[in-house]
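Both complexes shown next keep subunit A, but they swap its partner, so subunit B is in the first and subunit C is in the second.
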Partner chain A sequence: MSVLRPLDKLPGLNTATILLVGTEDVLLQQLAEAMLKEDCTSELKVHLAKSLPLPSNVNRPRIDLIVFVVNLHSKHSLRNVEESLHHVDAAFFLGKVSFLATGAGRESHCSIHRNTVMKLAHTYRSPLLFCDLEIEDFRATMAQRLVRMLQICAGHVPSVSALNLLSLLQNSENPSLEDL
Partner chain B sequence: METQSEEQAAAEAADSRGEGEPLQVAGAQAARPEDRMALLLRVRAQTKQQLLEYKSMVDANEEKTPEQIMQEKQIEVKIEELEKEIEEAKIAFEMKKLALDSVLMDNMKQILSLNKSVMKSQQETRDLEDKLLDVRKKRLQLKQASERKLLEIQTEKNKQKDDLGSMENSGKIKTIQQNLEMEIQITTVIQHVFQNLILGSKANWAEDSALKETVLQLEKNLTMIQ
Partner chain C sequence: MDSYDVPESTPRQCASSRLKDYFIGATPLQKRLESVRKQTSFIPTPPRRKIPQCSQLQEDVDPQKFAFLLHKQWTLYSLTPLYKFSYTNFKEYSKLLNAFIAAEKQKGLAVEVGDDFNIKVIFSTLLGMKGTQRDPEAFLVQILSKSQLPSEHREGKVLWTGWFCCIFGDSLLETVSEDFTCLPLFLANGAETNTAIIGTWFQKTFDCYFRPLAINAFNLSWMAAMWTACKMDHYMATTEFLWSVPCSPQTLDISYAIHPEDAKALWDSVHKTPGEVTQEEVDLFMDCLYSHFHRHFKIHLSATRLVRVSTSVASAHTDGKIKILCHKYLIGVLAYLTELAVFQIE
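Our next item is the complex of A and B:
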């Protein structure tokens, strides 16, 4: 399948699957391990991919949340993410996609401006998270956040849906973008 | 582009933090049915939520998307309008929830106060029952005491009767009785002697009052005294 659709498969019982897309293998692996260490009542499945589209020969469960990881130090990762975005169905952007920008701590190494990523996230109406994945504590906190988001996107939290979460997260972001 | 993608973690950790693993530890047997119940309830809630999501997607897909190609600005404006509508709907919902919650609060408070009064009256009932129990116990004790006393009285009486009976059979009384009899016989003999003396004197005893009294007195039968 060349395009990822959010609801084309039935969900697994008590299972939540997240897909991390990014060029930084090491960081993604570490983030995945941090997420799996988290205490969670549902079963977690983490899939990693360098870019989309994913090979169609693999039998994979329904993906509940896609996180695109952009490294602010390399333009290549941004381009990779932008190209992968074409292979995601529009229905995913109703709260099941999130952007994660890493490397903002070392301002001197940043080749991509923060605003570029913010504009990207604004275009796709998805939440943008900043986290330095190289630092273990921040990584652990971000893993916690992602686990909670994943639970909501998978429908494991009653009375909160992905769309709900999206509108909750957007309120704090939009005012700043109006100033741009 | 298409060949580049490597899916690294297809066999990725299905690291089940779920309830499966801890349950299989031997010795956690007592917690198993409760954990299963919890799991079932959780899965039920999840399924409900997921069903809701699918339903809403189906409803959304039935909406007709605008076919004409609009300028980007117009699309942005439209999107923002829709978002505003969503926000207003959410705010209205929250207000309704708050209103309902306040009513609920009142009910809860009433229920709490009723519970308190119920507990108080139950406490009072228990106290009264305790008192009743005490009084009954005392009555029982008194009854038993009176029983004992009556029993004592009875035994005392029986003892006295026995004593009397035994006394009568003792030898002392017999000798006294014998003496008494002998005395009476002697006195009777003396009576007869005096009588015969007076009669033998051939005096007219009826005329003299003193003699009359003496004779009559001698007539008294002493055996009656026994």
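Our next item is the complex of A and C:
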């Protein structure tokens, strides 16, 4: 099964699984550890992948949220994410996919323009988060945010669904001030 | 803001801040703050850029005048507008700066041995170093060592050169009032101590602020594409790129040299619209280089950081060092650097 589908498996009891996809191994590892440290009523499972498609011989739980991590210092990570996006089913993009851009703080090292990532997120109608994963405090805050998003996407938060969250996040991206 | 076109696909829907949406009844001040903030967040990429045309120097200026600017390594700084600067007071400024430098050196801050007090400071205008008529005149500051024998009246050796210019700085010129002179790009060649002293004097006298201008990998790849696109009669230097691979314990440097005509041929195959360079063409150009390298060495250059670009037109280093080799495209190179400086100021 080379394409990830959101509903092809039954959910585990009180389990929420997140998949982090990106070339930056160290950063993903640290983010995963930060997420697992969070206090959460659901049982969290964090899967890390360098790229998609995932190997099919492994038994894995249903994935509730995919976060694609792009490092603004490396065009390679952007290409990798773009390639991986082809292996995700369209139904995932109804609130269960998010993009995370890291490295925006060190402008002198950036080789990708911020607008490129924004365009990518806009094309896939998914939220884009910016966070310098190298800095511990920002990483901890982002981990908290991702845990919350994950709980919503897994359906563990009553009366909020992934699609609700997506439309809430997109509503805040209003027309820019140039129109005013 | 820019004189370039912005296509519809630029994310107008993507806001720079989500909080601003709560200000439904935003006051004019909040709106202006927001628009200023949007400009400072990052260098917005114009999707198109003009290839620097040659001979944009005004016809009556002799290109030989600017020959001394070529083939020298300049360190780049961005400079905020100068308050109450006047082009007629150059003699006074020379005297003041001379006295200031002498005072500083006496204080023992600068560790120069030798002819400390036999220096002369000269201010002069660089006529013709501008993009449009609106740009303020560029001017040059030089520190010369006075010859020991006054009878010879020979001009001494140039110890330090710095020049201020503004090429196509329209976006900045629009926002400042009359008392300010906008010369956002400052280039310095010579001892770092002298640069520091002169910088301090300018900051004290004209209430401005210098900041070193770093060039990130994104802009370096734009420069590589634009300069490769320039038509040259003969190529003086190979086209060379330098990447820095972050690895422990020491960083690894990868240098990639191409014959300039091959680089031009590659660019011509990528290039579509004449006279304009787009983001896609730049990306494609660099991707071709990366994939060629990957095929031979199995190294993903796109995961490393571009640190230096060197072509027959000019060479630039990410630390903000530039060397211009070709007088034909001098204005074009400076125009791009001015743009970077302006964005750093804003």
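Going forward, the second predicted complex is superposed on the first by the 174 of 180 C-alpha atoms of A that agree within 3 Å, B and C clash if a C-alpha of one lies under 4 Å from a C-alpha of the other, contacts with A are read in each partner's own complex, and residues count from 1 in each chain.
The rule is short, and it goes like this: contacts are C-beta pairs under 8 Å (C-beta built on N, C-alpha and C of every residue); 3 or more make two chains touch, one makes a residue touch a chain.
Predicted model only: the values in this text are computed from it and were never measured.
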Quiz item: In the superposed arrangement, which partner chain does A:His122 touch: subunit B (first), subunit C (second), both, or neither?
Solution: second
Exercise. Figure out whether A:Ser77 sits in contact with subunit B (first) or subunit C (second), or with both, or with neither.
Key: second
Quiz item: If you stack the two complexes on chain A, which partner ends up touching A:Ala49: first (subunit B), second (subunit C), both, or neither?
Solution: first
Quiz prompt | Residue contacts with subunit A in the superposition, subunit B compared against subunit C | solution = B
Quiz item: Of the two partner chains, subunit B (first) and subunit C (second), which one does A:Arg114 touch, if any: first, second, both, or neither?
Solution: second
Practice problem: Once the structures are superposed on A, label A:Asp39 by its partner contacts, choosing first (subunit B), second (subunit C), both or neither. | Solution: first
Quiz item: Where on subunit A does subunit C make contact in their complex?
Solution: 23, 73-77, 79, 104, 107-115, 118-119, 121-122, 128, 171-180
Self-check item: Of subunit C, residues touching subunit A in the complex
Solution: 9-15, 18, 20-21, 26, 31, 34-35, 38, 41-45, 214-218, 221, 279, 286, 290, 300, 302-306, 318
Practice problem: Could you please specify the touching residues of subunit B with respect to subunit A in the complex? | Solution: 1-2, 4-10, 12-20, 39, 42-43, 45-46, 48-50, 52-54, 56-57, 79, 83, 86-87, 90
Quiz item: Which residues of subunit A touch subunit B in the complex?
Solution: 2, 7, 11, 13-15, 25, 29, 32, 36, 38-55, 58, 60, 83, 91, 125, 154-159, 161-163, 167, 170
